[in-house]
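Single-structure report; data block below.
Note that the chains are named A, B and C in the order they appear, and that numbering of residues resets to 1 at the start of each chain.
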Amino acid sequence: MAEKMELNEVEVWDGNMAASQALRQAQIDVVAAYPITPSTPVVQNYGSFLANGYIDGEFVLVESEHAAMSGCVGAAAAGGRVATATSSQGFALMSEVLYQASGMRLPIVLVVVNRALAAPLNVNGDHSDMYMGRDSGWIQLDAFNAQEAYDMTLMAFRIGEDPEIRLPVMSHQDGFITSHTAENVRPLSDDEAYEFVGEYPAVNPMLDLANPVTYGVQTEEDWHFEHKARQHHDLMTKVFGKVEEVFAAFEKKTGRKYNIVEKYDMDDADVAIVALGTTVETAKMVAEKLRKEQGIKAGVVAPRLFRPWPHKQIIEALQNVKAVACLDRSSPNGAMGALYNEVAGSLYQCENRPVVTNYIYGLGGRDFTVEHAEEIFKELAANAEAGKPTTPLQQFIGLRGPKLSFY
Amino acid sequence: MKYLGWDELIPGAILFSFSEEMEKDASEILPEDRPYAETNSHEAYVGDWRVLKPVYNRDLCIDCQFCWIYCPDVSIISRDKKMIGVDYDHCKGCGICVEVCPTNPKSLLMFEERIDNDDALAQWPEKE
Amino acid sequence: MLEIRWHSRAGQGAVTGAKGLGDVVARTGKYVQAFAFYGSAKRGAAMTAYNRIDDEEILNHQKFMSPDYVLVIDPGLTYTADITANEKESTKYIITTHLSKEELLESQPKLKGKEVYVVDCIQISLDTIGRAMPNTPMLGALMKVSGMFELDYFQNAMKTVLSKFPQKIIDANMAAIERAYNSVK
């Protein structure tokens, strides 16, 4: 029997420690992992908890991230609670198996500490790996600080493992800015956390010898389309309700309220930044400041759930503003940013279409400063005033050299 | 097999081996008594994939079980360690059973599909 | 919001120091951040670590900082690192050196006219802890200069933070904190 850990009411944890504590408290059966910066400490802390008797489950050291996710798929199909962690190149190497996991409807939890993708090699945070996962059939939850990294990771188990859902979940946090920044975190006690996550509800486990089952079948054009449609249907119709239900249960337990799309200062906002990760909080602080100092009715909108894409909630949050800036922390490499495309696609369906512009920022950990956020809000105010874009549609900010912009 | 719509599928594209839950491990139930599911490959006839078929000669067989062990498609039928014959619904004619048979002459030999098994037994070769 | 920048060499414990400070401060109900700039940092490479402390939840995640305190825990960095970067008029400097304040200002004129305090964290840690580990003594000096916490309170809180270490090491750190607290000028 695993030992319990005494935790303080307020711990000072970085995002990695927050995630590894959530994994420990969920009492996972199998973790198969191959550590990579900046998510290494998630796995390292977990290994240390195991060695010190705080964990009963199996910890499998494998030879690559491809093998890590493969091990997770096997263990999950066998009927266990399963999780691992990765970043960047490791995420990329895992990507083939990500589709296997979601297609087999295995509720694995993957802590993704977001990091840039090479080349050139870079260990710092951006959202390239998170964006890479967006068509993989996983549920993607995004944390904006260390507390949320803990909360989202705990909730990921309850959301994904629900027999109605049975889908794998990524719990994202920003590399270094969250993962290596120690902040105040209020954890649940071990008992409370496990009670919240609950016993693992095994569904069609391979180890049930009285009811043998095959995972990983081949389907050609006669069956494949229907299976993919079934998965997409469940993502589009079942996940939103379940996420709201789990968020509500979590609020009841902790007082911390989460929403599928987070809105800050949006009640009467004219202009809004849409962003992911730590940028949301910096932008929120700047919106408050600009309201006080310059009377700009600024707000911030942030998808807490990136996949499935909260189409309705995004329309609801943004339909009454005049100008929106979508901030993408990933090189779009020949297109508009992903967040811009998603938000613009949703807003095309509402009557009052706000002016939508796109900013590319923060690649490879480049600082997103208060000054940047102020500049964006001011450009948005001008767009709102003019009723049309007063800037190019896509602009790079925080970049050296001549101004880079398109359209 | 009936083609199902997307809403009729089991999530995860998983397939159950049997149509009902069993009281004991399948290895303790004889194949003919197992409630194979419609989607189980046991229910699929693939006998026509063969070009040559193995014919079994009971008079020569020593029940060593080599063919039963080596058959890659579980198509050698054996009960209580006694060889019975070949499952022609699933045998694909690879010839491995003939290759591993240790008797002289062999107790399993490949013949063309069109040759009747009795005729095949009548033309069995002599000991070398 | 109180903001602190540490200048250190990788391996001297600036990250541990920043996290330790965060740990102590968080126990008083305040909000903290402790972070560092990482790259391909090897032991001995110059690096910076940071603290933010506030009564309210800290939303600012930018790395840019105009610090209220600059803590230099390696003597050489006063001359080779850009320790006055993004300073404000009110920025206070606490610098590890064996020199007197006057000698230090002569040797590094860009610190002239600023609020500078000196303390020999290297010597203190060699005398008390037995090796050059200047992070905890710097925290003692910071307590004295900032008046953030009384010495007794801070030492007690640090004992809890260090509780996983053997008693001998805890005692040595307490002695280092106290000596730096009393000798910073």
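Points worth noting:
We take it that a contact is a pair of C-beta atoms (placed from the backbone, for glycine too) under 8 Å apart; a residue touches a chain by one contact, two chains touch by 3 or more.
Computed from a predicted structure; not experimentally measured.
The central chain here, found by comparing per-chain C-alpha centres with the mean of all protein C-alpha atoms, is A. Farthest from subunit C, judged by the mean position of CA atoms in each chain, is B. Each chain gets a centre from the mean of its Cα atoms; for subunit B and subunit C, those two points are 77 Å apart.
One inter-chain figure worth recording: subunit A and subunit B are separated by 50 Å, centre to centre, where each centre is the mean of the chain's CA atoms.
The distance from the centre of subunit A to the centre of subunit C, each centre being the mean of the chain's C-alpha atoms, comes to 34 Å. Residues 103-106, 166, 204, 209-215, 217, 219, 222-223, 225-227, 229-231, 233-234 of subunit A touch subunit B in their complex. Within the complex, the subunit A residues that touch subunit C are 8, 10-12, 123-124, 145, 174, 176-177, 180-184, 278-279, 281-282, 284-285, 367-371.
By the touch criterion given at the top, residues 18-19, 22-23, 26-27, 31-36, 38-40, 58-64 of subunit C touch subunit A in their complex. Every residue of subunit B that touches subunit A in the complex is listed here, in rising order: 3-7, 9-18, 21-26.
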